[in-house]
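Let me begin by presenting the structure, written as structure tokens, before commenting on it.
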């Protein structure tokens, strides 16, 4: 029973991957669109930040004090579900651990709080895909309502079937790597293995010759 | 697929004989070359040094292996030292040839070499004058003796200058003096080459090459020039005359005697002995209609220039002459004689006669030739040939019918005379642009180039572009074989050159003699330069050696460039192993002596290189394009 | 001392195995913080095995004993040194007075320096008893006797680096790849030069990976194999006739004895095909220079001495001794076991291998020690001490740096013996299982916290200086012994280790020319070094042997089956040994986090076919039982051992509960390597 | 020229001294040795690739490569772990937000693992020169096949 | 599949094969032009001199049946060509990890310094007979199928035996 289940999963993954490729093309187009959008947003954010700082300086009471509680200015997180690849850098970067992380059922869930009162913005800075942005209370558009939980499909290692990365992460890595070296069918088997199994598979290959030699040598 | 013979030579006679050789299973130089392939790359690049017994050392040209020899010699040092040794060998060959000529001249003047006499008294007195020997109330014999000792002294002297270098233009002399490459003594320079290339002596590439230029000058303006001048005095200065070349000159029904080598001291006597009545009678008795003497290489050129004796072929045709089966005697002295002749003549009735005390070969009947009894020995040699005539086996004989007329004998004096005593008409022609410039195409044959392909096509390309070509050595024979040495060849020349040639009745390609006679080109060039009041390097002139092979050619190339004439080589010299030396030879020398080398195997590209340089010089002289 | 920023480097010698590898200890404010390698050291050329790399862990380890402890009803009481030593002296004195000197026994340590062992046996002998021994008894006692009888000296004949000059390396009963890793460096160098390596070992070990020919004999059948090889060599005329004629005695006897064990009989006993025995014999005999490397696999049998003798016979037959690349190389266990034996910390030997009871040797010692009374009869060996204590004959036991509960065979009997003693003093750096039984525990300094000379397995005597101070109140063993001697009224005239070494060079002829300064210059000296100008003798037996007539002895030996052979109720054959990450009883290596992490617990290797037969899976907890006791271990299924054979490392308490104490008749070494055993799932 | 640690598996005896040495020098071992089917031991550590894939997905350029040498600045590493997915050998390990990979012990003249290896199985050399001694050994063996076998009892004094 | 077979007893160590191999893998493929080229061409065959035997032995890629280098290469840069059974290297896939040269027990994988990629013998696809075989003046290198080559060796050995010489010695 286990074997069939695994096959379906692999089947499923293969289709997803093909769609992934299709999606990738669409994304390419979408990206230009987002690029444009992102610029306005960043512009917006910068002015807003400067105002925010100006206000504080004028009020002068919270200067230099970055601890979250008594700074009452709430900021809403805007998560771009399309961009997030689920690499969990943000959850480990957040000093207060506000971004929840859990993995079950072949899915990695990232629970983003609706808003955050800290102004360190470390999660936004660490996100490789710049999927996290902050919008002010008023600027919130209906789409970003309430806390968001992104569930991203996890890839299982072909050898030890431990889930080691989200599909999007692998897609991102595959894309980045293929800029440097084109990945041909024979040369990317390791993409489907978790790092530990990659080490083991490389170890066996490395030792292949000497093992054969010692087996042939006779009564070993 | 084209038979191999066609790829090996463009000359029909040569092709015929190659087919005969193939049929008879005879191995020729081309077959031996193929067995050598692939040739050692270290040797080709010149980065193999065998100068001491810690070696042989070699430098990896791609930097992976050794970059220094055991003693630390880099590629630059090894290439430069090997090049210096080639120049030394070349200069030694020419200068030792000159020494023989001067010794013969001295013995003649002392009455010990009765067979020789003075053919060109005018030149005798002009040479004596040059050496400052006063002519009034002195007998001819006294002058001859004094001139002989003066000439002989040139070899052993330790301090310069060598007399004939004074013939170069003032600017050139000053340049040589500044560079410190003014030769001090013919033998001294060559010995110093050998000393400097000994292990651990001269290890700076530029320093080595400068001495190379000095040694070559001691050859060009020393050894070779002395040889030419003395031979002119002894055997007469060549004048224009007609002759025939190629293997077809061998006759079916006469005793064929081939004179091969470089020194006319032997060949003049053989030519004379061939007209000896007793021997002619003997030939008739033996069933031959007469005695036919034909030359190969430079000894052939010498007798061709002075007596019009026919030339059987170039350096690579020496084996083919024997293969015709019609040669009774192959008489050789020194330089460019293939030892293969020993075993080759074994397959035919040909007698391979070596004569020089300095050169012996396996498989020869040795008849040692000395100046004292020159004529008697010559007669003995010709008698041997005549007696050998009956042994000819008719079925083996096949003489190709290619035979080509040619007009030769253009010594510098002859050219000046043709121009009316002064170089001005030529200068005007050049200034006027009908003659773009002068091309000196010389050198030997090389199996690496299709036989005569480089020579003929380069010369044709030059004359097509109105460049007057002067030629010597095997190039001259090749041009003759291609019919370029006849006035009618003017039709192949450009309009300007054609007009000049037809006006003077001379061919567009002037045969100026053997390899040592390149000194005649220097004399001509120097005369024109002085007339124009410029240095030789300013003249619209360029040299070329499309199929060079011998070390003499390296020495010639060196003194031609040191004298200011840009030279294009057809086969690659063993210097590319060192980028520094290669760059110095092909570019650096321009700044040093006003001329440099170029390497271009394709004759057509070589011609365009020469034309470009000539164009450059014309512009510099303000002459219109 | 080399200094980098505020860190200082101190040259030192690794405390673990007997190779004597050198390295620099890196200290910062008196605390050991790291290691720098010493590429110029002739033995290990800078390299260190895992234990060497983890050596500094024990220096500032929390478990280190810091104060003298007295056992009272309610646990350990901390004592002052003065108090503790006077108590010890008093107890020893009374025991000696009431039941005579032979009721005392002293167990020296192959971990302590030459000076400390010399002092230890001097105190014992001055007190009138020769009951002083050390753990050499458990490892190379059979080498001392075996090689002593045949070659005249019971030590390694060639230095380790010399192995790289051998054309053939015959490894029998040694797993140097795990127990002496630096030896692998030299053997591999020999292999690079084309050497032929033979490994005879029941188990398939990393050492056999390097072999060109492996002989997987049944445990305990080494004599049969060696005799079989010698039979081939003699009959095929491959022996070195003139060497045998000129340099050995007893060849006819050996030749005659060998006729009985042709390769076929040897094959029946050992389980190795005859062709391989013949191939091994030819390779060894034909090689230009061949070395024999052996260790516990040869010595820890009841036929231990016979095994060693057979090895010596093989080497002598082929003239493979006393030459570059040709030698007999026993790999000792502890870092100073060779030194301890040289110093006479053995029941039957005075310092310098003079026999106890030999008047002339005793005379020389009496003049040196300025005493008129020395014990005439050899004392109790380490294994007999445990037995005698059990029978109540022993009253007081002084143990220095030895965890005999775990390292002696049949540890349950050892525990009973220790309980029945009136007074037990244990001087060690950790609270070992033996120390738990002690009445008085004295905290000692570890190897880098004291100065002294150590003798490695290749007879190289190297000096180590004190790099850092011991924790708490712990003192170097030499100071403790000097204070104790004072308390016992034996006025000993020295203060530092250097002074003791001066006396040693008088007592032990082969240390004659060794002084502290000479040892510190370069990398020590290889004994024998009779006088101060002598450069040391790397290769022994050059020209002549150290026997009276200069000739070696060829002594025939008979194959004798192990004491305990598997039988229906104990069907398995248990053999014990070491793993690369732990050391002997494990008291030091098990306290290094990095080592323990990688080899946490006791395991037993079992052949997959046996495991399947008994439904044992990988990692199951098993109970192993022998006639001596029971232990638990986790199962490891592997083809490294043959069917019907089990292997257990003895670095964890419990292994030696199973091993039997049948002793080799001459060397009195227990048969660790063969015990009949049965297993069942827990 | 960038050097790296290479293993000669015919010499490795699986003693794991390299792991111990690396752990001592760098808090955690960046080389791992395992025994395969009881017949051979194989160490694995970062291959110091000259055209590394691991630097490709690094968003902040913490892991970069100048003329073939891998550099890693922990300060601007976000711990996203993309490089661990890009390394074909799986030798880049994310531990507590920092990438742990072999940095060839910058403080020491030769890396600790190479210095400590008793069997001399680890070699620290330029990549191109790896083949040299392997070729020498291979050539020796090839040529020895030509030499007639040594006569019985040959003594090499 | 034809391979470069070696007769070490004939090798004189003149290294012509090394130069020929480098020239064949240069852009211009001519000795005189290749000398100045950058990146300077790399040889794929190596002459190993053994001082003890005073002999030199050519060592080149054996194109092993199941080559350890192809199994170990992570990106498939080293792979076996199906038809020709050759082990070939595609530089654009090479990441310079050098595990191939670590496991190759002939040590014949070289390094192109400038491009930082591996270089190895590809049996000169453009030529009928590899450049090294053609360049060897003493025919120490033979381009033949294994079975044919052993035929040559047998004939040679028989000839030497007939002349009372040891088969392995040079003629």
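Going by the order they are written in, the chains are A, B, C, D and E; count residues from 1 in each one.
Note that in this section a residue touches a chain if its C-beta (ideal position, glycine included) is under 8 Å from a C-beta of that chain, and two chains touch if they have at least 3 such contacts.
Just so it is clear, the model here is predicted, and its values are computed rather than measured.
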Count the smallest number of chain-to-chain hops linking subunit A with subunit B, moving only between touching chains. 2
Using the contact definition given at the top, which chains are in touch with both subunit A and subunit C? D
Report the chain whose CA-based centre is farthest from the CA-based centre of subunit D. B
B-E compared against D-E, more contacting pairs: D-E
Which chain's C-alpha centroid is most distant from that of subunit C? B
CA centroids of subunit D and subunit E: separation to the nearest Å works out as 27
For subunit B paired with subunit C, centre-to-centre distance based on mean C-alpha positions, whole Å: 89
Nearest whole angstrom, what separates the Cα centre of subunit A from the Cα centre of subunit E? 48
Separation of mean Cα positions, subunit D and subunit A [Å, integer]: 31
In subunit C, what residues contact two or more other chains? 204, 209
Hey, what residues on subunit E touch two or more of the other chains? 74-75, 94-95, 99, 102-103, 105
Of all the residues in subunit B, which ones touch at least 2 other chains? none
Parts of subunit D lying in touch with subunit E, wherever the complex brings them together: 1, 4, 6-9, 47-53, 68, 88-89, 127-128, 130-136, 138-140, 142-148
What does subunit E use to touch subunit D in their complex? 6, 8-9, 46, 48, 50, 52-53, 55, 57, 59, 74-75, 94-99, 101-111, 113, 116-117, 166, 168-169
Touching residues (chain side subunit E, partner subunit B) in the complex: 14-16, 18-20, 22-23, 31-32, 34-36, 40-43, 134-135, 137
Could you pull out which subunit E residues touch subunit A in their complex? 68, 71-77, 79, 92-95, 99, 102-103, 105
Listed in rising order, subunit C residues that touch subunit D in their complex are 34-35, 37, 39, 44, 46-50, 52-54, 167, 177-178, 181-182, 184-185, 188-189, 192, 194, 204, 206-207, 209-210, 238, 240, 285-286, 288-289, 323, 325, 580-581, 594-595, 598, 638-640
